[in-house]
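What follows is chain A paired twice: with chain B in the first complex and chain C in the second.
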Partner chain A sequence: MSGHGLEIQYEDLVENANSIILRMDMKGNVTYFNRYAEDFFGYRREEIIGKNVVGTIVAPTDTSGRDLKAMMDDMALHPSSYVNNENENVQRNGTRVWIAWTNKSILDEDGRVREIFCIGNNITRLKQAEEEILKAKEAAESANKAKSSFLANMSHELRTPLNAIIGFSELIKEEGVGPLNEKQKEYIDYIHESGKHLLSLINDILDLSKIESGKMVLEPGDFDLKSLLEKSLVFIKEKAAKHGIALSTGIEEGVGVIRADERKVKQVVFNLLSNSMKFTPDGGKIGITARKSGDKEISVCVWDTGIGIEEKDRGRVFSEFEQIDSEYSRKYAGTGLGMPLSRKFIELHGGRMWFESEGKGKGSRFCFTLPLSVGQP
Partner chain B sequence: MPDNKKTVMVVEDEPLSMRLTIDLLEMNGFNVLSCTDGCGALDMLSQNIPDLILLDINLPRMNGFEVYRKISEDSRLEKVKVVALSASVMREDEERIRAAGFDDFIPKPIDTKGLIKKIKDHLSG
Partner chain C sequence: MAKILMIDDDAMVLKLYTEVLSKEGFEVISSNDAREGLAMAAEQSPDLVLLDIMMPDVEGTRVHESLKLDDKTKNIPVAFLTALVTDEEVAAVDGKIGGLDYISKSTPNDKFVNQVKELLAKWRK
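The block that comes next holds the complex of A and B.
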């Protein structure tokens, strides 16, 4: 094939390509405009050749206010910065479109840039989808912000009346304002406990929402797990004695100092123990066992001889706001958030939590594992 | 020993919280000064020097941080302990309070025994 024939073939290719192809000189005047460009922008080539792109297919400023005239001037000065460029263009009927351009400099014999050869593809739909995603993301972020600030405000507003409820009932309860008869003692206890209960609900809700938004961070430190477990039992000692419940510990050698978030571990152990207290009838037993399993983990179990968990209730144990109904559950029901929160605290440490129960009336065992040092595989 | 009584100043705009704190302090043998906003507190401090100030953060007009700044600029009040009280207990709130330089932070609702113990600890230290 002759050289001339090849040229005609290339011209044909450019002419019939399914892309916008044009050339312009360094002033921005169009020197070539292919058929696709004609159809796309709505100009016949004899109308546009010799005219400047600014004012025809380029609006002086785009929808967002960006100065496209300045961009074109800059492109003439620094064509190499615009090899790949996305910008807004305008069709003859005024419709704004987004085009992804690849621009190539055409040099003359002296090596000076003479013209720019531009190939463009319509990415308007892509840009619109991108904008919609961005808008949706912004909306989601602002909704999340609104939720956080709602929770913070709610927490603040509820604490103020609770301050009076808990505080004044404490003063009365301590008989600091005079002696109480039995009924008064009982009733003021109800008020005080209910106030404390409301407070733990608020705290649990805040914790859960922090976990859900990924804002809950661990504050790891070194502490003695053995002594934490023993001390936790002391907290329920009095109540256990009142109900004739025997407490026991079985903490094996090798359970000692670990690195974890002490406050959260304490909260988990305390939650498990108070659940056991709640669901164990008078005269029963509650215990804690702990042992090293493998060389990187400790497993801790809280067991009781309580009412156990029936097959049908198994799925609900770790659900939020679920409580297993029970004739044995003591005066003050929990928040219904204790178990899901405990499991999440353990999982944040990289541990696991589960329970075992052979059924109704057969007691239950709640166990969790903790790595010896949080954050280390 | 009425002369050895320590004086605690309570700055609190919410009437029930104010009443609770005052009664609690008086029951535990403290002299109590009180006012319901920051300006009043600063006025009162020009005449009186308490041993400790319980300062609510969420005050009208001048908030607890601003009141604290004024107090710490006053050399006469150098030895006065200032404890922040707040129902805003999110981590960021507490960090901001600690960073401001308060001697302590007590979240609301207050634990009555805990509050008295903390005050006594600060006054004996």
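The block that comes next holds the complex of A and C.
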């Protein structure tokens, strides 16, 4: 095939391509405009050739106020910075469109840039979708912020009256303002306990929402895990004795000082122990075991001889606001947030939490692992 | 026995802790108005001021500044009362009050008394 034939073929290709193809000189005047460009922008080539792109297919400023005239001037000076460029263009009827351009400099014999060869693709829809996603993201973020500040405010507004309910009922309950008869004692106990329950629910919800928004941070410090576990048992000692429940510990050699968030670990252990207390009938047993597993981890288990967990309930143990069986939730008051929170606290430390139960009536064992030093792999 | 001044806009809070602290033998004076509270601090020189951090008219930290500016009151120990309990909130308050003492209003009564006793012991040193 002759060179001339090739040229015709290429011309044909450019002319009929399904892309905007044009050339302009260094002043921004159009020197070539293909058929697709004609259809797309709404100018016939004899109308636009010799005219400047600014004022025809480029508006002096785009919708966001960006100075496109300045951009075109800059492109003439630094064409290499504009090899791939996205900008807003305008059709003859005034419709704004977004085009992704590839711009190639055409050099003369002396190596100076003579013209710029531009191929453009219409990305208006893509840009619109991008904008919509951005808007949706902003809306979601602001909704989340609103939720967080709502929760913070609400918790304050709820806690203020609750503090009065709890504080005054405590005062009355302890007969600090006069003697009570049996019924009064019983009823004021209900008020006091219900108030405390509500307060812990509010605090749990706040904690959970903080974890969800990634705002929960650990405050690690060195503390003796062995003594924390032993002290935790002391807190349920009285109640256990009242119900004839035997307590035991099995803390192995090697469980000692670890680096973790003591308050959160304490909260987890308390939660597991108070669950065991709740679900273990009179005369049962509750225990804590702990041992070093490997050289970087400690595993802790709280076990009991309580009502156990049925196969069908296994999936719900760590779900929020779930308590096994409504029959139990009436009998064993709780927020239903203790387990999911506990698991999240452990996971924040890089540990795991799980449970084992042979089934209904066969007790259960809740275990978690903690790294010896949080934040160190 | 030590004299304690409480300044809090919430009359219920004043009533509750007046009961709780008087039961323990403390002399308790209180006001639900910051200006009046400042005057009481100057006239009656209490051993400790418990100051609500969030009052509708004036921030507790401003009242604290006023106390520290007056020669008659500048040496009286101050602890803030806060309805906040979570770590994050306390940290935020911490930043605001620069490591000053505070007691949460969610504290059970007996612990509240203990904290007041600890504060008094700390400042007596």
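Going forward, the second predicted complex is superposed on the first by the 343 of 377 C-alpha atoms of A that agree within 3 Å, B and C clash if a C-alpha of one lies under 4 Å from a C-alpha of the other, contacts with A are read in each partner's own complex, and residues count from 1 in each chain.
In the analysis below, a residue touches a chain if its C-beta (ideal position, glycine included) is under 8 Å from a C-beta of that chain, and two chains touch if they have at least 3 such contacts.
Please read all numbers here as calculations on a predicted model, not as lab measurements.
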Clash or fit (per the criteria above) of chain B with chain C on chain A: clash
Partner chain in contact with A:207 - chain B first, chain C second, else both or neither: second
Which of chain B and chain C A:263 touches, first, second, both or neither: second
Touched partner set for A:176, first chain B, second chain C, both or neither: both
Touched partner set for A:159, first chain B, second chain C, both or neither: both
Chain B versus chain C as contact partner of A:167, first or second or both or neither: both
Chain B versus chain C as contact partner of A:195, first or second or both or neither: first
Residues of chain A that lie at the interface with chain B and also at the interface with chain C: 152, 156, 159-160, 162-164, 166-168, 170-171, 174, 176-177, 199, 206
List of chain B residues in touch with chain A within their complex: 14, 16-17, 20, 23-24, 27, 58, 87-90, 107-113
Residues of chain C that touch chain A when the two form their complex: 10, 12-13, 16-17, 19-20, 23, 83-89, 105-106, 108-109
Residues of chain A defined as touching chain C within the complex: 152, 156, 159-160, 162-164, 166-168, 170-171, 174, 176-177, 199, 203, 206-207, 210, 215, 219, 263
Chain B contact footprint on chain A (complex, rising order): 152, 155-157, 159-168, 170-171, 174, 176-177, 195, 199, 206
